[in-house]
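In structure tokens below, several structures.
Okay, so subunit A shows up in both of these, paired with subunit B first and subunit C after.
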Partner chain A sequence: MAELLQFVFSGLTVGAIYALVALGFTLIYKASDIINFAQGEFVMLGGMTTVFVAQAGVPLPLAAGIAIIATTAIGLALHRFAIEPARGATPVALIMITIGASIFLRGTAQIIFDRRFHSLPPLLGADPIQFGGAAILPQSLIVLASGAVIVVALWLFIERTIFGKAVIATAANRLAARLVGVDIRRIVAFSFAVSAAIGAIAGVLITPIALTSYDAGTLLALKGFAAAMLGGIGSALGAVVGGILIGMFEALAAGYLSSNYKDAVAFLIILVVLVAIPQGLFGRAKIERV
Partner chain B sequence: MRSWLEIRLLPPMAVAAVFVCMPWFFPSAYYYRIGALVFILALAVAGLNLLMGFAGQVSLGHAGFLGIGAYSVAIGPAHFGVPSWFCLFAGAALSAAVAFIVGRPILRLKGHYLAVATLGFGLLVAIVLTNEAGLTGGPDGMTVPRLTLFGWSVRGSDVWYWIAGTTFLGGFVLALNLMESPTGRALRAIHDSEVAALMLGVDVTRKKLTIFIISAVYASVAGSYLALFNGHITPDVAGFLRSIELVAMVVLGGMGSILGSLVGAVLLVVLPQALTIFHEYEQSLLGLILIVFMIFLRRGIVPSVAAIFAGWRK
Partner chain C sequence: MKTLRRVTVAAAIGVLGMLSAGHQASAQIKIGSVLSVSGPASFLGDPEKKTLEIYIDEINAKGGVNGQKLQLIVYDDAGNADNARTFATRLVEEDKIVAMVGGTTTGSTLAMIPVFEDAKIPFISLAGAIQIIQPVRSWVFKTPHTDKMACEKIFADLKSRNLTTIALISGTDAFGKSMRDQCIAVAPGAGITIAIEESYGPRDSDMTPQLTNIRNKAGVLAVVNPGFGQGPAIVTRNYRQLGITLPLYQSHGVASKQFIELAGPAAEGVRLPAAALLIADKLPDNDPQKPVAVNYSRTYQQKTGQATSTFGGHAYDGLMILVQAMQRAKSADTAKVRDEIERTKGFVGTGGIVNMSPTDHMGLDLSAFRMLEIKGGDWTMIPGT
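Showing the complex of A and B:
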């Protein structure tokens, strides 16, 4: 029982990070129909920038703030210089652009930073808390709490502000939104900025638990994308549930089967779920008009 | 009818001419090596293009079939003493069987859902190849015994240049013929609208499955060649980055253009070689070039250039 509890805790922690990455995918997809494969790179940039700014002598919280702002700026730049000029390109071409951006960011991070693994000191110390026979790192609780705060804040912003309403309108019907005066370009730019910020926060939070390096983004992007699809693309609730489910599958597979095959189990389950429910857990089936 | 046939076979004939003449300009064996690599990858890309460009189905896990082909010619001779040439065919048959089993359920998925399902499939192949170390040598990979045909050991970059190029040309003509067949027309109908194709009596599921299997066989043969040519193979051959590279070659060259597949392969094989002079900036430049190409030639190089020429003629 204690063992199971232990696996569930570690699954929740990792799952919360996947959920944040999946949320980034969902937000950009909602606003622009683009699958942004550079999403994992935002996480990497958040972690790596914090590490290097802190090494330069800046206090940790300030370093984290700088990293989040810098990553947000990079997200905006990605939209301005790569996505905006390619307006009207096919979805596959746009995916290739985001993949190009992820290769570019990874390559540049390797030059500016280095090729080693890095960690950050945990915010509330490294002594595990005992709970029902399982040990929880205080940092895990911070990850979970921050994840919940981000999800709620984003939900409040989207549902309760006029700008959020414009985002919903854009997601529902771009042409209709433009006709009632919504500036689509600003909405899409906003979605890139917020996704980058969420990614960077995830990066700052997870680095004390899992190490980070210049190439940490690829796998995170894959898991986040898979989580978003598992939940049903375009559904924020689906992204969160999908992320946590994948984290759980992985932790349980690593604990009870083999840690070598934890990724295999996660993707096998995604395959099975999608075959059973082709539009994901919370997605809506698209009806094609002929 | 005759003139139509001539136009259709013009691109492969032009490629054949370049293929035969190129070696006169090769200063060293290194160029044969690059040429062989280009044709091997172009074969896999041509197969993927049949799936993506013609049938409109995305696969982000096609390197999985590359891996099956590659490890067939590695494991068969090394562990079971089966001749390499036989393993090449057995690998292709295995890939076709896997494509049949996997394809049936996942080809029902659409768009990004299909993308994530194929992605999962490719990763599963790579994970199995990495972890079954007793058979595959694990992450470090394994040595691939040389191909022996009629007592003659096939080795050397120049020999492989000719083998790979000839096979690619065969695959090129085969793909063109396939696209002009009833199956090809049905696939293009599916590409334009699945529901409309269905209403016209096209067996959508079966046609999609057929093309998925064919593209898997192309990738498997390319994977076998790659393993035999390099003499060493690691699970990276089936990895996500390989799959992405194949998709990038399809999209850069031009979806729906087999000639574009070759151009895409040339670009992404030659470019990194050329960029090595920039040392550590290699990756950044590669990413930038990919972005710039997709912004300015968004339909792919061959279709975009063809459109420009068509504009001039008017």
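Showing the complex of A and C:
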């Protein structure tokens, strides 16, 4: 029993990380149909900038704030200088641009920062919480709670503000949205800024557990993307559920089957789920009206 | 006007060509090198290149070797074995080198071996894998210790503590996999039983399921973790998180201050094998390697402003073995130099004391590694290892 509980705790720890990364994909996708493959780099930038600003002597909370603001600015710049000039292009072309941006950000980070691994001190100490013979770090619970807060905040924003409604309108029909006076460019720019900020927050929170380095973004983005797809891309709740499910699959596979095949098992389950429910667990199927 | 300008340019190129030809003629002994200065293995190749440059300058400032100056020709393969082979061919056919010190990665080295074997030019590799010198090839040598030796060193320490039933948890990256294979191969001979084996991905952020299985396995007395990068730090943290009290052994892959920083207080009590160079200042004064290790460490830090790594030390050893062989041969003749490299005996380098032979083209024994234990956030040497 303690064994199962430990596997579940491990699944929650890893899953919370995937969930936080996956959340970053949702808003940009909602506003523009773009899957932003530079999302992992936002996470990396959040962590790495905090580490280096803190090393320069800035108190940690302030360093984290600076990192989040800097990453948001980079998100806006990515939109302004890479996505906006290509606004007529198809989503596929725009997705390729984000892949290019991800490679660029990784290369630049390697030069500006360094190639070493870095860690940050956890918010609530490094002593694990013991429960039923299993152990979990307080930081994992913080990551999990932050995921929940971001989901609620995103939901309130989308459902309860006029700006949020404009995002939905843009997602539904760009032309119609423009006709009723929605400034699409601003909406998309805004979605990049918020996604970058979510990414940076994720980076700050997961670095105490997962460590970070200039190339940490690639695999995080891959797992986060898988989580977003499983949950239904564009759905914030789906992103969190998808992330935690993948974390659980991996932990249980590593615990009960074989640690050699845990990634394969997790991706196999994702494939099966997506074959059965192509729009993902919480995604809305697109209805084409004739 | 246009023709005139062209003539001027052509003349300038001609003069430059003659100048460089003249320059090359004065540098008599050409030593080639292909290193991964950029790319994923740059943290290995960069200190190697800097080391070669620092010491070639130093040797030339003292009058060179046998009265001749050394000339170093370095190419960057960016971690790509195809590039390495192309550059190796260029070193042989165009640059006409007399010896080669280089090959940062095992992949690059294996790709270059046929070129130097065919050209009959001595090749001292700086890469880790045992396949480079087993089977023995007449023109190929290497300076770094192997994964196999690290396993043997750990197992010897386990044996001396009577911890003969162990668990193995390794990364699935190239380093972790290769060392895992070597450990499994040498375990029976060393009297070690591996009761359970687990693995983790190089980027995984939680290894508690694997460690839970290890904890629940009856009879396990110690845990060994061959790995590189962030994985071992997370394993160490999770290990303490789960409250496992068995002795934990890490590999030489994490023998750097960075590991202690990343693993934090969890690293306390962890043991690992490491080259003497890493603890140069801590070596006892009667240690034969102390002067070499301290000297190299200081020189490198002064000239580059960077911390010493064992990789630069491998390049130092390779260059010095070659230079001493040329001095003994009293010439730069490739065949004579090769024979003298093979006769290297009692060479004290940063990586250990080298005794080569026709059957051993590395010449290191287990004394090249020191067993360290992490205490109070720093390395301490375990006496008698």
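As a working rule, the second predicted complex is superposed on the first by the 283 of 290 C-alpha atoms of A that agree within 3 Å, B and C clash if a C-alpha of one lies under 4 Å from a C-alpha of the other, contacts with A are read in each partner's own complex, and residues count from 1 in each chain.
Please note the rule applied: a contact is a pair of C-beta atoms (placed from the backbone, for glycine too) under 8 Å apart; a residue touches a chain by one contact, two chains touch by 3 or more.
Please read all numbers here as calculations on a predicted model, not as lab measurements.
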*With both structures superposed, pick whichever of subunit B and subunit C touches the larger number of subunit A residues.*
B
*Touch check for A:Ala226: first (subunit B), second (subunit C), both, or neither?*
first
*Touching A:Ser259, do we find subunit B (first), subunit C (second), both, or neither?*
second
*Considering only the touch criterion stated at the top, classify A:Gly280 as touching first (subunit B), second (subunit C), both, or neither.*
first
*After lining up the shared chain so the two structures overlap, which partner does A:Ile35 touch, if you call subunit B first and subunit C second: first, second, both or neither?*
first
*asked:* Output check: A:Ile270 vs subunit B and subunit C. Expected answer is one of first, second, both, neither. What do you get?
replied: first
*Answer with first, second, both or neither: which of subunit B and subunit C does A:Ala197 touch in the superposed model?*
neither
*Looking at the overlay, does A:Ala67 come into contact with subunit B only (first), subunit C only (second), both, or neither?*
neither
*Looking at the overlay, does A:Gly107 come into contact with subunit B only (first), subunit C only (second), both, or neither?*
first
*Overlap the subunit B and subunit C contact sets on subunit A and report the shared residues.*
260, 263
_Please output the residues of subunit A touching subunit B within their complex, sorted ascending._
35, 82, 85-86, 89-94, 96-97, 99-108, 110-111, 218, 222, 225-226, 229, 233, 258, 260-261, 263-264, 267-268, 270-271, 274-275, 278-280, 286, 288, 290
*Can you list the subunit C residues touching subunit A in their complex?*
42-43, 172, 198-201, 203-206, 208-210, 212-213, 216, 229-230, 233-234, 237, 241-243, 258, 261-262, 264-265
*State the interface residues of subunit A toward subunit C in the complex, per the touch definition above.*
3, 6-7, 9-10, 13-14, 17, 115-119, 126, 128, 135, 137, 206, 209-211, 213, 216, 219, 251-252, 254-255, 259-260, 262-263
*asked:* Looking at the complex, which residues from subunit B come into contact with subunit A?
replied: 52, 58, 105-106, 108-113, 115-117, 119-121, 123-124, 127-128, 130-131, 193-196, 199, 240-241, 244, 247-248, 251-252, 255, 280-291, 294-295, 298-299
